[in-house]
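Have a look at this one before I ask anything.
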Amino acid sequence: MLVLSGVVPTPQENRGGLQDMVHTDLVRTITRYARTVREPALVLQELDEAVSRAFGQGGEPGPVYLDFPTDTLRAEVPLRVQLDEHFRPKPPALLMPDAKAVDAAVELLWSARRPLVITGRGARGAGSELRRFLDKLGAVYLDTGESRGLVPDEHPSVVAAMRGTVMTEADVVVTVGRRLDFQLAFGSPAVFGGARFVRIADAPSELRDNRRGEVELFASPTAALAALSSAAGDRPSAVDREWAAGLRKRHVERAGKLRATMASTPDGSDGRMHPNRLLAALQAKLPRDAIVVADGGDFLSFARVGLSCSSYLDPGPFGCIGVGVPFGIAASLAFPDRLVLVATGDGSFGFNAIELDTAVRHRAPAVFVVANNGAWQIEVHDQASTYGRVAGTRLQFADHAGMARAFGMNAERVERADELPGAIDRAFARRPALLDVVVTPEAVSADAKSGLAWVPDLQPLAAWDDAERAWRQG
Amino acid sequence: MLVLSGVVPTPQENRGGLQDMVHTDLVRTITRYARTVREPALVLQELDEAVSRAFGQGGEPGPVYLDFPTDTLRAEVPLRVQLDEHFRPKPPALLMPDAKAVDAAVELLWSARRPLVITGRGARGAGSELRRFLDKLGAVYLDTGESRGLVPDEHPSVVAAMRGTVMTEADVVVTVGRRLDFQLAFGSPAVFGGARFVRIADAPSELRDNRRGEVELFASPTAALAALSSAAGDRPSAVDREWAAGLRKRHVERAGKLRATMASTPDGSDGRMHPNRLLAALQAKLPRDAIVVADGGDFLSFARVGLSCSSYLDPGPFGCIGVGVPFGIAASLAFPDRLVLVATGDGSFGFNAIELDTAVRHRAPAVFVVANNGAWQIEVHDQASTYGRVAGTRLQFADHAGMARAFGMNAERVERADELPGAIDRAFARRPALLDVVVTPEAVSADAKSGLAWVPDLQPLAAWDDAERAWRQG
Amino acid sequence: MLVLSGVVPTPQENRGGLQDMVHTDLVRTITRYARTVREPALVLQELDEAVSRAFGQGGEPGPVYLDFPTDTLRAEVPLRVQLDEHFRPKPPALLMPDAKAVDAAVELLWSARRPLVITGRGARGAGSELRRFLDKLGAVYLDTGESRGLVPDEHPSVVAAMRGTVMTEADVVVTVGRRLDFQLAFGSPAVFGGARFVRIADAPSELRDNRRGEVELFASPTAALAALSSAAGDRPSAVDREWAAGLRKRHVERAGKLRATMASTPDGSDGRMHPNRLLAALQAKLPRDAIVVADGGDFLSFARVGLSCSSYLDPGPFGCIGVGVPFGIAASLAFPDRLVLVATGDGSFGFNAIELDTAVRHRAPAVFVVANNGAWQIEVHDQASTYGRVAGTRLQFADHAGMARAFGMNAERVERADELPGAIDRAFARRPALLDVVVTPEAVSADAKSGLAWVPDLQPLAAWDDAERAWRQG
Amino acid sequence: MLVLSGVVPTPQENRGGLQDMVHTDLVRTITRYARTVREPALVLQELDEAVSRAFGQGGEPGPVYLDFPTDTLRAEVPLRVQLDEHFRPKPPALLMPDAKAVDAAVELLWSARRPLVITGRGARGAGSELRRFLDKLGAVYLDTGESRGLVPDEHPSVVAAMRGTVMTEADVVVTVGRRLDFQLAFGSPAVFGGARFVRIADAPSELRDNRRGEVELFASPTAALAALSSAAGDRPSAVDREWAAGLRKRHVERAGKLRATMASTPDGSDGRMHPNRLLAALQAKLPRDAIVVADGGDFLSFARVGLSCSSYLDPGPFGCIGVGVPFGIAASLAFPDRLVLVATGDGSFGFNAIELDTAVRHRAPAVFVVANNGAWQIEVHDQASTYGRVAGTRLQFADHAGMARAFGMNAERVERADELPGAIDRAFARRPALLDVVVTPEAVSADAKSGLAWVPDLQPLAAWDDAERAWRQG
């Protein structure tokens, strides 16, 4: 992302001009690059560099910030320095892997009995090479929220429902463009046992965080996976086929059971439907190529598991809840031909709910579904169980459909599960649209139960934290 | 303001824990103090220091940030270090002025012919000493948004409507707890001529920015003003009474004319009412001790002038629009016995409109009035006149009353000026309440006209910028 | 201190110009103020502000940094903005204390039985008011390295040699312009028992760090002390005169004994003299108004105690060893009529030894005495006792006199104590001069013994650390 | 470089502990990575990451800083987290170039008529592939201080003495691991005309600063050069052989003439020898594989040109003068079998002259030659010509040989050119050794003459600045 901004004219800087502050200092730690452009002759060059940084050319992609004092904005860029090179598109270069490292990785992988592949941000766009690699090696596969949809559920490597088991049993773990962060137990031997790691990434942050690879391939994931498949040639994989097939079988069973359970989860004692019923109803109607944006505290914990799709966005490892509505608007404008579904809790919805107005004005054809349980429920649960009282975290079951209609959006409130299919059909048909679905706050999510909300010291989840403590003590 | 926050447990820091980032680096430049408290034994001491900094004890007051890794939060503070001193209230100390400087100031001020007193943030709470000082000296007086209401409109020193004239004519200018920032032309001789300055402040930022005082009193404004009045004793002021009285007379006439004009400003060609009509109707109903929160881009430019009250808040010199709704909620909870009016444009309203839900849940008895002109009008004006086309800055005339009702708030839409008095009465009576008042986007505000929006190089307003250029060239 | 610097021209900034880096970011955390001045019209205003900050006007005094792109340096400052006010000297204002707080302090102090006064940086210049205050109250007194010489050794309040005892026994402790930092056990009750504190300072950092005062006087120390003496009037002090006199008596005995012991400390087994012999010989010749600059690791530990003088400088709480030579040069140029003695260890001497050349060229009449024990002895001691081997911390007994002579300075090497008096006389007579005095590395300093070098967790000294642990456990 | 440091124990942090400051904030902007390691369990992981960053694995190589609170230093690293992977050496991976980009580069290069290759930091270690590439393509070549010695003077591509001409005439410029910084006129068309660029680098800072490459190869220079040679195969180069040979011929003539001139440059009017005489005498004795460290202001300007060698270090683009002595010590300890010559001016020498003592103690077999002109001559020249007076920049012709002998080093003072050969032989034979060679301050260096010292606005040299202005105006 490239953010362009203005700043007080130089002659008023540090005098108390309107909005006189040093923007770049403020954003320094949350951007890849932040500069104030003071020299008109360098404007094009700075923009060029900013775009390169944002795209991660030679570094990590991410947000870039430039601001311009208004005197720079008013100045002329000398004609002669307006070089062609600044206007030329720069196709992203492929980083090719070192051949020796490729050979070492092949040796390790093709000797492995229980190889596991995990992908993340850096693997986006590498789907076909990834599937070819999985097929050749016969490894099992876990995706993460960052790279959902690269490998379809039908692929025999997918064992998502067996996540815990496979992390423990794998003997070689390949990370492709993925940090070994809290979502992967920091790659700790307490969870991954004696597994050896192969790290593949084009960004240092995804190459060696927490665990060093026995082999590390600093290369574009597409290029690295292609090189591995090619170097392996016809070499037969040593994978324990029985193990892999067994995992897949149990995954299929569990996933099926989960879908069935979700669709029939009973209402709460308050008569309100369980969030899983909503998710099941949505999943049933979701086109294969839908883009799902999940948002929320408690509700995200259900939606992360309950919705399957080929493109997926959520608040990510910084937990920036509230992104649902704006992400959904942007996605629906960028991909007007695909169905964009925003599935959000009511607490998170509030952050940017006003952007429904934006969606209407710009005719952004997204569908917004608010799972309205009248609470910051993950906090309610934590407060009640830790302190025995609840303060400031109960919301009203507000009329979000009424709000949406006030901005001119099609909107319905849904209070019973049997009304869902029809309401969903209508919403999908009349986009932008909003469904305000009342759900029970009694449903206790995995995150509320297992620790993410109460932050154990060594690992993010209670089970992993226990394992880590046990392991460290030998 | 004191912000307390949590941060990732120390053992997960820099490993990619959930929300693993250095908060203090992010807020460093916008806080007075920002610390991560890692040592349980120092928790009380850090809180003590944080509170002192926030109150500006020995520095400048402002926001303070502390965060605590969750392992610190879980730790015990040793009983012995829980000293009484940390729990004791610390009454703010008065900073007393240097007697020699006081004498020098009296000499300068009591010899002045056309003294002008201007107050700001630091003068809050010094109202009675300020009025006594004005009475003794016979100076004329200008307030600023930071210290609105210290001196009532009836006071003979008040010449607010003659701001431009008095800034040019004064021979001695006293700033009391006020920066000479863009709102005061940086104190430039181009605007203030040969006036000499007396600076009074308990914070360096309000003591010597842009212009050095011929006398500078680093002291609590209350104490400094009392010391000046006392040191002057019965010394007769040299003020040109005719000049002062003449300014006051013209001020009264202009202010009266303004009120009259506002109440009768004709509708736009689109048949929608002028924002001044709304302001006049509000002013007519406003109790003397009302708290007004003004917010907006264009609308703020009208409201700043059109509303008179004893307590006033607005987005301030950083132009942080969107503060209206939350400021109003907070003020109404802190002062439940006073009427709190939020007067906001529709663009700024959107930032935090969702907090209407908060107002309802917490029964915050504020009145929210949205001047709905369906636009970021100051931007529309700028785009149209500068570039000849308008992009992304036109809003819908959204149904904000409908939105408020969706959250359970009393709300009405008002489209005709003659409906205002009744609607205002009903809103004042059934708080929290919202009025969504449709106004014409054709009204051109002072800020849109005079330059604040297009940011001249040397001064924030076109007239001052012209004066500055002329003056610099000698 | 005000540092002015140049920086790359704006058009070459961020292009890789010569020395293209952001200086202000580098010095931000070690300066009070750091700015790049880009606007020629603001040059005088920035210099004015910089000087004010450096002098601590309205904040804490300290280093200030300004840099100027060379294009700013080449630009003209418009004549009209060269205002008189920027060239006018600004006499430092006195901060006067709050009368109520003064009364509260008098009540507490004049009721105290065993009051102790401790001074620091902020008390400089307040000597006569301090002595008057001590006389009136009858308190005992400890100085610190920051404010050495305010109260002469002969004054009956001085009990420096009883430091440990008096810190434990005092019932009220007054800090005057002094932080309660590691040198004062952080003011911990573990060391100061139940003593109540009165804090007097004109800088927040010396007002409330670590311990809150029962009374806190934010005021210029001179003004605060004067106000206390004046408010006390003829009120008789409640001081336990016997206690105070007893402490003084023991102080005088100990100090006498120390002087005697120092002068006769036997040589090491290596036949080299003990550093105390050197210090005793220097003290015997030192004029009353000498300025002493002490520097070193181990040697500082001896010199801090062994040299008494009216003005004293050392590396301070950041332990910036190496300051001896440059401080001495500066002091001797600033006070050419007073004897300036630099007493430094050979390790620290090396940092800036080359500046002897500067001393010669600028005829800076300082005397440099190097206590040459051929080692970073405090490190040698630590390495040997902790790890059993010594690496990289033994120096040669280099010929520093030879080095000084190479730069044209009078210099002698002294190897026997009985040569000292004559050598010192010659050095004092032919300044600048250097004495390279060989001393034994066998002398074990207090810092090497007691913990400063091995940094206990809770307190800087082993004894205090033990006390702190015992106290915290109740 | 990896810097490890200690910091105050956590319980004393922010309390005013000894040396209580945030080191990481201080070094942030001048390191690649700076962290405080608070968690004992992460010590090995942090060290691992620090080493990777210092070596530039996946980023830019450079200084890395870690500090450890003393409580971390005293803690145990749990045995189980002491993983093998942290102790394993990690061989640097090769970054391979994208094949498409290689083809594009070959097409451009093998069609070029007047290709120029320039190397820098990133090309170190790529000497043999570089020479193979130059031979195949027939390009001309310029080195820079960062990569001196990769291509021997005898190689037909070397045209160093024709630098100005070749920069103007080249039609394609290849940078290999080299920034287009001030030393290369920022790659401006004002100097390089219409040349097209090929950029080769494994660090973004050397890939696209100031000029975008028509082709950009983000790859290890060795790998990139090999790939280019290989892809070109037998394709005949289009180089204008006559042009290349002509340049080489003129280079050989000029270089020969320079050598001859240097050896016979007449003394100054003060009878002191010209620095070039010293350089000529040194060059005559220098072994082929000598390591030269040049340091100084004015003298560096002579030495940069006058000394030819296979390994070369100087203060670099930040102009960190004073590095000569320590760099020389380090180099001589790292390469005891090669002759290490430090050629430094007397001003720069002073910064770290005391480290001669270190050289003696550690028997670092370097030769230090001080060109002693008794001045910061580049400043003297600037002050005299700009302001007409000289302040503080004249030194004494100090007896640096005497100083060296005081530390036990072999040292001679040389005042006449005919004494040089013998003195140099003796110094080379009895290392460490120092020659203090008196030279005339009348010699005016290129930097003093041409602008580096007075910093023009657009380009670092007067001639380039003129060209840039002319070009920009079209």
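Think of it as A, B, C and D in the order they're written, each chain with its own count starting at 1.
Assume a contact is a pair of C-beta atoms (placed from the backbone, for glycine too) under 8 Å apart; a residue touches a chain by one contact, two chains touch by 3 or more.
Small disclaimer: the values here were computed from a predicted structure and weren't measured.
The minimum number of touch steps linking chain B to chain D comes to 1. Between B-C and A-C, more C-beta contact pairs join the chains of B-C.
Ranking all chains by how far their C-alpha centres lie from the centre of chain A, first place goes to C. Annotation: 45 Å between the Cα-based centres of chain B and chain C. Chain A and chain B have Cα centroids separated by 41 Å.
Taking each chain's centre as the mean of its C-alpha atoms, chain A lies 55 Å from chain C.
For chain A, the set of residues touching two or more other chains reads 10-11, 15, 41, 210. Taken in their complex, chain B has these residues touching chain A: 6, 8-12, 15-22, 25-26, 28-30, 70-71, 74, 179-182, 186, 209-210, 317-319, 350-351, 353-354, 357, 360-361, 395-396, 398-403, 405-408, 452, 455-460. On chain A, the positions that touch chain C within their shared complex are 10-11, 13-15, 35, 38-39, 41-42, 46.
Against chain D, in their complex, chain A makes its touches with residues 41, 45, 48-49, 52, 57-59, 78-81, 83, 85-86, 88, 90, 93-101, 189, 203-204, 207-208, 210-212, 214, 216-219, 471-474.
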